[in-house]
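Shared chain: chain A. Partners: chain B in the first complex, chain C in the second.
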Partner chain A sequence: MAATVDARGLSCPQPVIMTLDEIKKGQDKEIIILVDTDTSKENVSRAAESQGFAVHNVTPEGEGYRITITKG
Partner chain B sequence: MCGLVFPSDENVLIGLDRADDAGVYKITDEIALVQTVDFFTPIVDDPYWFGQIAAANALSDVYAMGGIPKTAMNLVAFPAKEMDLSVLRLIIQGGIDKIKEAGVVLIGGHSIVDKELKYGLSVTGIIHPDRVLAKKNLRPGDRLVLTKPLGTGIVNTAIKAALASPELTDRVTRLMAALNRDAARIMADFDISACTDVTGFGLLGHLAEMVCGSGTSVRVTSGQVPVIAEALGFANMGFVPAGAYHNKSFREYMVSYADSVPRSLQDVLFDPQTSGGLLISVSDIHAAALVEALKAGGIEDAAQIGEVIDGSEEKIWVV
Partner chain C sequence: MNGKNIFATRWGIIGVGACIGILAPLLQKLGNPGNMGICVACFERDIAGGLGLHRAAVVQYIRPEIIGFVLGALIAAYLFKEYRPRAGSAPIVRFVLGVFAMIGALVFLGCPWRAVLRLAGGDGNAILGLLGLTFGIWIGTLFLKNGYNLGRSQTTHTTAGWMLPLIMLGFLVLMLIFPQIEGQDKHGVLWYSLKGPGSMHAPLLLSLTVGLGIGFLAQRSRFCTMGAIRDAVLFGQTHLLSGFLALLVFAFLTNLVLSQFKMGFAGQPVAHTQHIWNFAGMALSGLAFALAGGCPGRQLFLAGEGDGDAAVFVMGMIVGAGISHNFGLASSPEGVGTYGIPAVVVGLLVCLFIGFTMRRKSA
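So, the complex of A and B:
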């Protein structure tokens, strides 16, 4: 079961901070992040890659995106 | 604002039809007015520093035209119910200290009650009508010089995330509060064809404004662009402000990157700057001497960052 970070309605840098916090917990190899702006989508992807995660999948969801990141 | 007709007359040297850093209006054959206005919401927590930065930012547009600022007026929007007046006092004190440093006098202003705090200045300066440094006047063969390092937008985002050290926060705050006065005074002794200041559109966004309609292209040597080193790391971690992405997609069609230019540096090149440096187009034989004079004048980050080339396609090559 992947952890889910719901960062919808929040502006940068909040979605990135939440993603980094979840990664730091170190409990999940797969994390799903929900965001609602293109900026958050780009920045969350950068944050994940900087921590050794790969952006596995980005799919539109509602008004935003569902980003799945996985630890290789 | 398409379709609106703005009043004008023959003394308007720079007006809205060819929007530049500031408007220029000729009074006599010797003197023209340079006028600008800028205000924004706080970009640092400390009210005194915010006042200084807002003032330095507003004054910068006059310097970028080659003018000498003379008078200023305060623009204030203040949430009087929610915030103590002592905060406003500190902001205005910061502004006063900065305009004093610039040799400018405060002769008025206007304040309103608003939900969101905003501060800035309207600034008037003077310039010789024949020595106006428009931005759209690039000359093939010229070198490009930048006087402040890039990355304040990214670092400010990292500061909001409480990830920047106190030393870095202090450095960036001082950088944003630094006047472009000395750089402007020094460049006046050299053969300059065009100048602007780097603010919200980022380096490449402002360069694109210079290139559009100039009939020239530019080559930016990215490794020589002065950059706040920590900004690259923060960009990689995802602390890139929305403005940088907007700037990038708006000018994407004009810019080509060499494969060797990393994404983090591309982010920094489009990072919106607050009170950024001057971007100067100087004749190639004067370029080295200009940079040397700027460094000798205390502008240590000044560097040659590229050149203007023939190229009617009006492109920006980042190598």
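So, the complex of A and C:
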């Protein structure tokens, strides 16, 4: 079961902070992040990659995106 | 929406920083004030003066660059399907942060954009400003680490996101109806400066075009001067910082080419040498920008892509400029204003209060 981070509606840099917090917990090899702006999508993807995660999948969902990152 | 955004790559952000770094000194060459090719805080202050929200005679002009920033970002957001009307993340707090960000910036005499442009022009006082900016942002990152946030925004009506762009369009229309008349300080509803920085400006169409171009590029690249320092301090990420540094390097080189580089502390254009207050003014600004999630330029670009909360921050800055000059808080080349020092202290206390109390544990 992948952990889900709901960062919709939160402004910069909250989505990245929440993603990194989840990564630091180290419990899941797969994390799903929900964001609602393209900026957040880019920032979260960049932060995940810097932590050794791969951006597995980005799909539009509602007004924003569902980003799936996996530990490589 | 689907293709990769090349402006958001490392080279993209460096390219945008370089572009701004070349265009700003060129605007200075074409008429804008010294080391002020672009200054978001100063230009919003001039807009406040042009509207008569303050009556400092030397800083009254509706700056087309600011209008261009918002409208350029709006155009980019629509073209790339990124326009997202949203609002409701503690707007009144953002307004107050905007007011104090402006008060701090006018004690230093510049926003982060102008701080690097001043440094690129050889103004040593900018070093104190940039150190202060970094210090303020560092305090902001401590709050961020401890759960500070302003809460979620909500999707809203398309019209709500249009409010600031429409206000800017309104300013442009006013400028066209009531253009500056040689030797007159007022035409219709608008005020103009006959001397001082407000009287110095590049031709309207040129300023507007450059503003539109930068607004477009900055929206695509997410260029942010506060974020540049914040991300480096908070995450060790240098993505935005590389754009900020590109601005500095290219502005420096362009100044050299245009013979606009003059090194020193004393006698720099629109600057004073009170080091402590250059530092403290920018520390206040930096903290306010960090708590609000973006530098003054970024707030304009966000407002252009539909962020109503960023628009409220912008309005806070414009009102803050009115307060700064009406209350005697703003500095001048002679030094800090009569009540500038207590205003910085009050501003820092207000920002600390907001930082300590607006925390929510992320569930």
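Here, the second predicted complex is superposed on the first by the 72 of 72 C-alpha atoms of A that agree within 3 Å, B and C clash if a C-alpha of one lies under 4 Å from a C-alpha of the other, contacts with A are read in each partner's own complex, and residues count from 1 in each chain.
The working rule: a contact is a pair of C-beta atoms (placed from the backbone, for glycine too) under 8 Å apart; a residue touches a chain by one contact, two chains touch by 3 or more.
This one's a predicted model, so the numbers in the text were calculated from it and none came from an experiment.
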| item | value |
| --- | --- |
| Contact breadth on chain A, by residue count: chain C or chain B | C |
| Chain B versus chain C as contact partner of A:E63, first or second or both or neither | second |
| First (chain B), second (chain C), both or neither touched by A:C12 | both |
| First, second, both or neither for A:V44, with chain B first and chain C second | first |
| Intersection of the chain A residues that touch chain B with those that touch chain C | 11-13, 16-17, 20, 37-39, 42-43, 46-47, 50 |
| Touch list for chain A against partner chain C, complex | 8-14, 16-18, 20-21, 36-39, 42-43, 46-47, 50, 60, 63 |
| Residue ranges of chain C touching chain A (in the complex, touch as defined) | 1, 5, 8, 80, 82, 84, 86, 89, 144-145, 149-155, 222, 224, 227, 230-231, 234-235, 237, 239, 293-294, 307, 309, 362 |
| Interface residues, chain A side, partner chain B - complex | 11-13, 16-17, 19-20, 37-39, 42-47, 49-50 |
| Residue ranges of chain B in contact with chain A within the complex | 157-158, 160-161, 235-242, 245 |
